[in-house]
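Naming follows writing order (A, B, C and D), and every chain is counted from residue 1.
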């Protein structure tokens, strides 16, 4: 678009007293040659705003640079609608609030920030949303257990077409094997009937809800809003076009045959909790072997769970399940002798009331490890254990049956590991470093692998506390026990939550917008295919598997899969990838806009790439709290450190700037990067940049990366100033003045 | 080793003795306990069993309520219990009691028969010694200490102003003085109490013993209560003079000096 | 952790059936052991008496709880029970565990004379039954008849123990002064049986209680005033189980009400600094806290000060649960802590309202030789001093 | 399909999530928050378990989602007075209390510098003070100052008026009520810490160095009263020894008969704060059961290595009047050792009481006996979300709030379909 740019320099909040405003106007009008440039003491006030609005309506201005406060404040006041390009030059928090007033360097800093904004707005085009053809808003739910059925119902109730695919002939999954459910409502003392049958019936109330049973997903191709799903059902293939996917394939009990220390398989009457549910379903609980009515029973908790040799995690539901099952025995015979052997009795929240009731029914709780299980000649079992509470080893009288409360394993934890077969190229490993097991659930036609990335213990869970649905594959949300050990009540909530996220993704994709965390970002990556050298860096490094490959390894982008993080842009050595409002030349031009004083003026320059999510807010907070740091820094906000292209490093250094600092999120196990491995990739790429530095005979110390979160704002001055000191030791950049 | 311990159920030492209309002792409402001396004998019997093995049989004679005493004996560790109970024995004197007990004990194997030195109700201290006579066994009474080697028993008994050591061969009857062998009657564990409920307690009447009613040789004609203790006397005046007066009274009235 | 212990459900049920219905409610959190007053004194009992562990042994029917210095150490003060997160009736559990041995005739040696005397004389103090009302001669106390409103039930201790008789006499004087329509049946009464039931002799308790219930019903007793909080507890909490339903009040409740109604006043000024020891069986067990305080503060000139541990947190005098008959070495007696506590508050008078507490606090005060700075008084005695100079 | 809008009551993590998620699905949302800022109780936290990441990082992302989303309207210092109507057509009367600061406020802070009056900082649970005109906390959103009119001297002082260059202060601002017409309501008013003073043997409120989890979280926060240095309240001493007491109120028929689900993990987390500052510090945690559910077990095993975990509920706490050190009477049930443990400070894991225990929803809704909104609220169109429904941690609250948002949308869809 042909832009008529106006610059508005606000002199409020101490800016006027700190800077030479006329000089700033000169930068905009003379250097930037902008047609309109105004100053005002209070642009966010009504009077100031009126001037801007007037220019927009009557002067044909369609792109605005407001030099003043940070874009994190007055966002609503300076929002002039999508047709107007708005750029905020931060000369308050990053300049006047953190540097001395009426100081030459502070002035240069402000001018550079303005120059950078002007350069940026030249390269920014208003993004046109990506509109795929024949976009649909149908939700696909894979897995017909409690979670899957609930997710399908919730989506349908919200008026969306839904497709439910279940592997078995019957819907209901785990609940089909349950005799009763743990109590989900006050007074939380009576187990409830398993209401899965009428939930299944409810599915038929919704004409737009199609159910496939005895069916598996052959393949899911495409992207959110335009998934092509082929479903194999009794040797035929059905096709569905869906907008988003909910993975609800649940978890299965831990393989009890591995529990030989608990005598499973050695004695007939050592059974699993699942088996007891089955027995209870058939009426009076009797021993499978000899049909003897069970008068005495011992539950053993953490059978496999909380055990480094088996499942290191706690499966969260087994304690409450055993309490529930204890009520079966007491209901059958109030005098029954029931033991529960436990490590910690984990009946959180309102389940404490069930624990109390079961105690009042006379169940005996023994805290301690099992030391042995023997069998007497009538196949009864004698359990020996530590009784912590009397500091002694105890042995029970013989019990008819022992029940192992086995843990749960997600269905995503099974399937062979392609890496083990060496299928992915070796150099990918460093970057990709992600395992994707072939668990035959989604069979995604994704270049990076057929399923969601397999995470710790196999659970495909989000890595964030406040964003439990932040998934690694846009539009594909895991819900229920496939995601984390959880009980039925949580599965129901989880299913409804995932349904909303699936709906949200379709609505946003339909308008060409990204999903969380860059909701309302209409831009998407465009590839100048003619310059592509099929190096596959983008298709491998994309954290969200958004880019496929054709047979010649050319990247095939899928805009609705993309989170708009720019990691591909940072990866591409040929710089062929760019967004309408975020491109390599844009940042390149900002870097070049910085005036780099000559060596003798002893005014070094430091370029700071600051991640928008964590680092930039931290810099802002440093300003709000009036901290002080050196005025050599020039701050360029980026969507993610992963989007930093190495060419910027080269441009910056060859431009004479003395050092480059990357400020981004923590990476590693407890990573904070919302684009999963943006900052990790940046660090990995930095290790590669040392060759280019050596070629330019520059010290690798000139480029540094620091992890910062918003609450670390008080460490910002130390980080910036210590880097400045290091650069002083290194001396000025030899390329100054070229 | 087969150990038999004779146990008697007596009134509680604190019991208040009251006469019924016929001037006989009114038993109801009175707390009954195991004769304390018999407890020492029972304790010793159980220790012997623990040392030499074998069984301890507690034998008693009395009404139905005497079963409580035997249950207590079983709870302390006796293996079996035998109660000789028969309405005809209500007015039994020492001779009748001995006949019945001897007949009962003769039927069960016995190496050592133990019992308390005296019963705190009638204080006759005769039955066990008479029992030895009936069973033609040696007996040592008021035993302070004894030890058993093979079938020889060395017992130290208490006599006026000293002790006497005797050696006897099994089988023998010993009557225990308080604190025999320094023992202390044990408290049973609750488990012992519960097991006692299931141990054998046989009751035999005179007929079961093959005896017909026996005519007691001694009849009790009358019971009466001990004279109430007079109130004490206060001697006024100076300590020296009062002391004089005290000596006089002790000499003339109390006639102890 | 040496040899293996065998769980005995039979034993667990035996304990449960003799009164420990809530034994299985206990989740073994351990708060009872940590709030138990035994923690405040040194000594062998304090190290061994662990109420949590004792109940755990009961839960599994394991042996080891019957040892005398464990099973019979509990003073039944209720500090654990009132705070128990699971509302376990801990004292009932202790009582039923004691019953398993006492019921089979195995009362600890030092308690046998007590039971013997209760059987024979209807009081634990080996006092003749006929002399139960001896303390009343010369006081013309009305006998209880059909139309008497209140029966005054005087605790055995205040009938036979000379020091304790003063309490009974002062209570009578106060009731008369307040014009209460009351009468006595003292001679035919039995001990209320509260202590012996706590000691586990259920059979003896029922014999005594049934005797009293029949006596009361024969005489048409509806309302009972007790001089001791222990009798208050027995009549309110235990007797209903045997069909003995009466309206029962401690004398402090009656007098406090009458002071409010203006029927009783204390003209005499007493310049004393008074502190009050809440007897467990009046306070914690029956939640009667304010009447004694109102009465004391109704005396002109009295300055009242609270002890650190008062009301629901009152520290037991160690007289309850049959412990009044236990031999406790100096330095391990709760009563001593009460005395030092009162002296620290610079009180010159330590008042309480229970005959057992008076015995234990007198004993502790004498033991610590604090008699010169602190006077232990039963509340009724203090009130009588303020009644009239006579 | 233009659907009716939704009202979310409560701007904590649950309310915030429900509002943002619903708005990103295209629904108009009104968010009403009683306090002058959004973020509720999580804004008062130093870190989340098990990742130990800063809550303000997540809040910053959520605030950015609000800034970019025209469909959300926020009303801080606002309370719901009345609700009329039924599902699909609720008329809600909202009372907006005066902030005494208008939109011009640029948070430059000059007013606070001149304000002569100090008031208790309730953000820090009463520890530390702020002037009468104050910013709730550093990361407050919206970033506007507010006046506590109970402390403010009013017009005769007016010092802040002179200091403010932008005429942002209006001391005569009045409360005003307005009505909103919405299709559904998400009630997310969260929870209050249990009043630990009711547990008299722990001495909270009598002993200075006995605090609760939420207060300790403030002591650990950089923007807290001790600047994150964990200084002891009585004498500002650095911590050498500390005891966390679990189930202080929860799992107790005399207090809260249920388990508050989060306190075990909260105390383990706070133990890492102490160890981070002073690795040699002795940290005790007294518990009945450690309920580190699911994958939190990893965090539990990691922390358990360098603190002393003791199974046993602490009895009486006593204080040494001169040093203010605390002594705990407790039995270590593992060894049976009955001990008295002296520590510098005690943190009580006080339980969680739903806000609806006192402040009910002004329309008939069913509650369970503890005051939580019942899972089925029996009032179509009104949905509980987060800790107001049952005790849960942040991740579960966010999940629950997302589900509640969907249910709210369904209410508007139902109305629209058969409306």
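General remarks:
The rule we apply is simple: contacts are C-beta pairs under 8 Å (C-beta built on N, C-alpha and C of every residue); 3 or more make two chains touch, one makes a residue touch a chain.
None of the values given here were measured: they were computed from a predicted structure.
The highest number of C-beta contact pairs joins the chains A-D. Taking the CA centroid of subunit B as reference, the farthest chain centroid is that of A. With centres defined as mean CA coordinates, subunit B is found 88 Å away from subunit A. Subunit B and subunit D have centres, each the mean of its CA atoms, that are 77 Å apart. With centres taken as mean Cα positions, subunit C sits 66 Å from subunit A.
Taking the mean of the C-alpha atoms as each chain's centre, subunit B and subunit C sit 38 Å apart. Within subunit A, residues 345, 356, 367, 389, 391 each touch two or more of the remaining chains.
Along subunit D, residues 251, 311, 333, 336 each make contact with two or more other chains. Shared contact sites, meaning residues of subunit B that touch two or more other chains, are absent. Taken pair by pair, the chains that touch are A-C, A-D, B-C, C-D. Chain contact summary for the complex, subunit A toward subunit D: residues 12-14, 42, 44-45, 69, 72-73, 75-76, 79, 154, 157-159, 184-187, 306, 312-316, 344-353, 356, 367, 388-389, 391, 456-457, 459, 461, 463-469, 484-486, 489-490, 492-497, 499-501, 503-504, 507-508, 516-517, 519-520, 613-614, 617, 621, 624-625, 666, 670, 672, 674, 709-711, 714. Within the complex formed with subunit A, the subunit D residues making contact are 1, 13, 17, 21-22, 24-26, 42, 48, 51-62, 64-65, 67-70, 104, 106-108, 138-139, 143, 165-166, 222, 250-251, 257-261, 289-298, 301, 311, 333-336, 368-370, 372, 374-376, 390-392, 394-396, 398-400, 402-403, 405-407, 409-410, 413-414, 417.
Residues of subunit D touching subunit C in their complex: 200-201, 247, 251-255, 288, 311-316, 329-331, 333, 336, 338. For subunit C in complex with subunit B, the residues that touch the partner chain are 8, 10-11, 14-15, 63, 65-66, 68, 100-101, 104-106, 108, 112-113, 115-117, 119-121, 126, 128-129.
Chain contact summary for the complex, subunit B toward subunit C: residues 12-16, 29-31, 33-34, 68, 71-72, 75, 187-191, 193-194, 196.
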